[in-house]
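So, here's a batch of structures to check.
Here subunit A shows up in two complexes: once beside subunit B, once beside subunit C.
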Partner chain A sequence: MTIATPAPDSADTTPAGPVARPSRAAYWLIAPGAIWMTLFLVVPLGMMVYVSFWSQTTFKIEPILTTKSWVAFFSSDTYLSALWTTIRIWLLVLLSTFVVGYPTALFVGLFVKNKTLATALLVLCVIPFWTSFLIRVLAWRPMLGKEGAINIILQAFHITREPIEALLFTELSVIIGMTQIYCVFMVGPIAFMLGRIDPNVIEAARDLGASFWRIFRTIILPLSMPGVIVGGIFVSVMVLGEFATAAALSGRKVNMLGNIIVTQVGSLKWAFAAVVGVILTILMGLVVAGFLRIVDLKREL
Partner chain B sequence: MTDVLRIENLGKSYGSKAALSGVSFAVADNEYVSLLGPSGSGKTVLLRLIAGFELPDAGRILFDGKDIASVPAHERGIGFVFQNFALFPHLSVYDNIGFGLVNRVNAPVTDADALRSRIMAMVELVGLTGLEDRGVHQISGGQRQRVALARTLVSQPRIVLLDEPLGALDANLRTRMRGELRRIRSQLGVTFLHVTGSETEALAMGDRIVVLDNGSVGQIDTPDTVYNSPVSPNVARYLNCYNLFSGTIGGGTFSDGAHSFPLSGTPKPNASPAYAIRQDLITVRPSNSPLGSGEAGFTATYLASEYTGASFMYFFRAVDGHIVEVENHLSHRAPQNLDVNATYQLVWKADDALVYG
Partner chain C sequence: MQTTIIKPVLGVYTALFLLFLYGPFVVLGILSFQIGPNGGPQFPIIEWSTYWYQHVFGLTPPSRIAPLPIYEGLARSLSLAFMTMIVSTVLGVMSAQAFRTKFKGSDVVFYLIVLGMMVPGVLVGLGLALVANSIGIDRTWWSTAFVLHVVYTFPFAFLVMLAIFNRFDPSVEEASWSLGVSPIKTFRKVTFPLIFPGVLSAMLFAFTLSYDEFSRTLFASGRDLTLPLAIYGTFSIEIHPNIFAFGVLTTLFSFALLAVYAILMTVSLRRAKRLAIQEDA
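And then the complex of A and B:
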């Protein structure tokens, strides 16, 4: 960090007049955040990339650079299929949170005219978060299990004769669980954007003769897109890094990249875990960048 | 001229509060009607009922002689211009204007050339040539007003309802847009029903003025008649150019307790007696000057003045605390040098006053 040089160079900056520029002292405000991010984000990320090239033997890891871990990842069907599973689950959860979340947000943000009620409804969406993450995930087991609530109800009403076994310990149960947990992150931003739409704009469109679906497609959906993008980023980042829900609801049958990292770290395979970590980070970066290309958030928000 | 819109005994309540009751008037084809009312007089409600955004509790709305109670808003052939313009924020000027033509359920325009020529004709009519590809946030307030108008007019409605269309504009733009609105209207021959809370706007714009008073029609007439002979003290009050006194009538005089004025002619019927004298019909004289024959007046203390460019407004306080405003048009009289807190005689011709009772 350079020490602020006094008088000499300040002369050519002063004539700027009354326009408010952040003074040097103001930059100190970001120092704690910047230091924190450097120490606990930038350095570890660099470290992760570095470690991914270290030499790993069964019990030892040495800073001798090699691409062995990378080759191992890309030549193993298990790991490539974990990558594919991660992408598939991410896309399915993204879709299902959108399908479940958008109508909810539409109701809360557009059809509930009373702002207090709308806020109360959004708070209701957050109530599950008052319990711990693990409990929320595990609570799905007695719901989806072979003798779980859903199967009991289905059989009691004679809708099914045999219990549906595919409900639990499958990819479906992982997707159901994740949709429930992450849906609220989709609802919030969308409801926020919908709430900002001037009701007169929708009335104007109706007065000009457009049908509800036309208005939805040409006015409401485009105006709520920034909310969808922000929600999509929230959900994507969380789902891509997931491992607990996948483990708990699939009985360790569904392995996402996060699960691979947990296993590798557990068996002290740091170099390999680092490879998976780098791949996951790149994947998230690509996804977020992709989302940001769709809508110019700076302009819309 | 034929009536294009006829309102009969229209009523609308919210809970136990009546927003409109017994409103009746007619609007002729190719006419500019301004609807004047203070805030809370129910003018926006009335407009929303006519547009079909809300349903009346009582009465009928006839459009071309047909009751349109059951006709949904977009099929009424009535255009609506919103107070805050309500433009589609994500669309360009061109797409905003074309929205109705492209997206309406009934007979949408699908031919690209026809669409373009209709939109461009409207762009030219409202004076937005060259701005059609701009976003609606990249144009000025006055230009947004024109887009809002063009968006409605392009569907060729028979009648356009304008809800305080100039309210969001600054003063000098407002004056320019008044002329523009009149020009555009007469060029298209469409009927305008223009709601405003500003008496100057209502007087300047309308071929006729409908004055709304507490949810019912106070007066319907030409601007000239409304201005010179308001039918009730409330209408006079909304015109913002009358000094009003309430009191009693007896023995050929009107008395408000502190002063009494001689009456000439018979009072216009009204529930409670009131006396109105227009601000520009009062002359200020020294306090000791006597009243001539046929004159009314009283003494009051001079408080302050306000220069408006074309005239001076003088403010006086009567003995009972009543504030009286006198307008001195500089084209009629030179400005007077008045001493603050000194007493003056305020005089007018008894014939000029309006008496209600």
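And then the complex of A and C:
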């Protein structure tokens, strides 16, 4: 850091001093971080787009521009079905995290008046994040398996006679696992928005004879929308970029775009992996842009 | 009234929700006490034992079940997390300090930094692997994987520090400057002690996120596996309760880390309070 200007003589009497000096310093302070992110985040993403147009031979890629890999993606049933699987799983997990998470957020954000209790409940929701992601995924195996906890409980209560085999190594298990892993990202933002609702508004609506359902529909739900959007963006970005949960809970039967990238990189099909990466990026961009169109976050938050 | 029914219903629902969050762990924890080496990763528990914990530590006689390949990975993951923690925290503090003044292009830089935590690991991992390939450098956990870990954790450190500086009273710094103390010395003697609790939180975030990072590392590290990669490798083969025992142990390790953080936090807050009292007196 080289700061040429000497320290100002007095604190705030000369407005030019304190303002001009830190802003020069600001560039020096921000430069390392900004350069790091440009080199190791922006350049790699740009490289991905570039390489997607390279020529792929069996083991290597050459910088001869071609659209062959793109054509290969859109003319292959396997890859198009992976795209469709990704979209389907994303929509289902988005819906299930919302449905599963909203009532909890409602309870924590609106009904628990005691702030300490509300914080404690939120902390309880976050604690599982303190364990390894892979262990969280793996923990579903003994739950959902044929001799797993859920089947044992169902049979013990005579709800089912035979164990349900469809629970593990199917798309259902992937969705259950992802819902558990990601629903907290829904609960948090929604609870935050609900906590900011002025109780007098709800009180007034109730005094005027509105039913709970009506209050929920016309006041609570619209006011919590920014939370739903933020949660939706978090969940979407993470689910779209998933591959480990899908691989571990489906026994590699469910292939999302992320899984395709992993296998293609494994077999050194770099150009093709890059195509899938670009498609995934575009998909994510569209989803996030779509969410941001629903609610103007800058204004609402 | 209706709400008198709704509240308890939602309360019960929240309890069930927490059961949903914790259920798998509880089952995993219970099954980690299965008898070995013949007990499988499912119910019923044939006999309670700590066999699989001994297995993780290599204390059991050799059996057909191979020990988990975790030790080298553990050493790598810890050093990687430590390196990442230092660099991310330093970058985070510097950037947040820069953001205390409005500078040209600050909006763009803000999004650039936050992008690092939003872009999924598959994409950055793939991108960096492509870059490394085309310029012909080897991918290793301490080079390519390390820079990606910083890309991922630096935004968290940055946001934590931004929040800390938001509540920071700049008049103490101005007082120091006006007494002719150089900005660097002011930062070291005045600013840093006051923001230290935030620095601790940033370090905690960076360390744990890096220690647990998986998808970026998968693409960006070469042959030498980090701990999460070694664990992921065991998923494809038949699983045994030893991995459950390992899960319990690694969770305990994370909580120990949290406890260390809590202790350091209390100590530093108490010290900050004491300093404040001295100033008042």
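Throughout what follows, the second predicted complex is superposed on the first by the 269 of 301 C-alpha atoms of A that agree within 3 Å, B and C clash if a C-alpha of one lies under 4 Å from a C-alpha of the other, contacts with A are read in each partner's own complex, and residues count from 1 in each chain.
Simple rule for what comes next: contacts are C-beta pairs under 8 Å (C-beta built on N, C-alpha and C of every residue); 3 or more make two chains touch, one makes a residue touch a chain.
Quantities reported herein were computed from a predicted structural model and do not represent experimental measurements.
When both complexes are overlaid on chain A, the residue A:74 reaches neither subunit B nor subunit C. Look at A:270: by the touch rule set out above, it reaches subunit C but stays clear of subunit B. The partner of subunit A that touches more of its residues, comparing subunit B with subunit C, is C.
Look at A:203: by the touch rule set out above, it reaches subunit B but stays clear of subunit C.
Contacts of A:48 after superposition: subunit C is touched, whereas subunit B is not reached.
Judged by the touch definition given at the top, the superposed model places A:84 against neither subunit B nor subunit C.
Of the two partner chains, subunit B is the only one touched by A:219; subunit C is not.
With both structures placed on the common chain, the touch criterion links A:262 to subunit C but leaves subunit B unconnected. Taken together, the two complexes place residues 206, 211 of subunit A in contact with subunit B and also with subunit C. Remark: subunit A residues 198, 200-201, 203-211, 214-215, 218-219, 222-223 touch subunit B in the complex.
Considering their complex, residues 51, 53, 73-75, 79-80, 82-84, 86-90, 99-100, 103-106, 151-152, 155 of subunit B touch subunit A. Interface residues of subunit A facing subunit C in the complex, by the touch rule stated above, are 1, 3, 7-12, 18-19, 21-23, 25-27, 29-30, 32-34, 36-48, 51, 61, 63, 100-101, 103-104, 106-108, 111, 121, 124-125, 128, 130-136, 138-143, 145, 147-149, 152, 180, 184, 206, 211-212, 237-238, 240-244, 247-248, 252, 258, 261-262, 265, 270, 273-274, 277, 280-281, 284. The part of subunit C that touches subunit A in the complex is made up of residues 2-3, 6-7, 10-11, 13-14, 17-18, 20-25, 27-28, 31, 41-43, 91-92, 94-95, 97-103, 106, 109, 112-113, 115-116, 118-124, 126-131, 133-134, 147-148, 150-151, 154, 158, 171, 174-175, 177-178, 180-184, 208, 212, 214-215, 218-219, 228, 231-232, 235-236, 239, 243-244, 246-247, 250-251, 254-255, 258.
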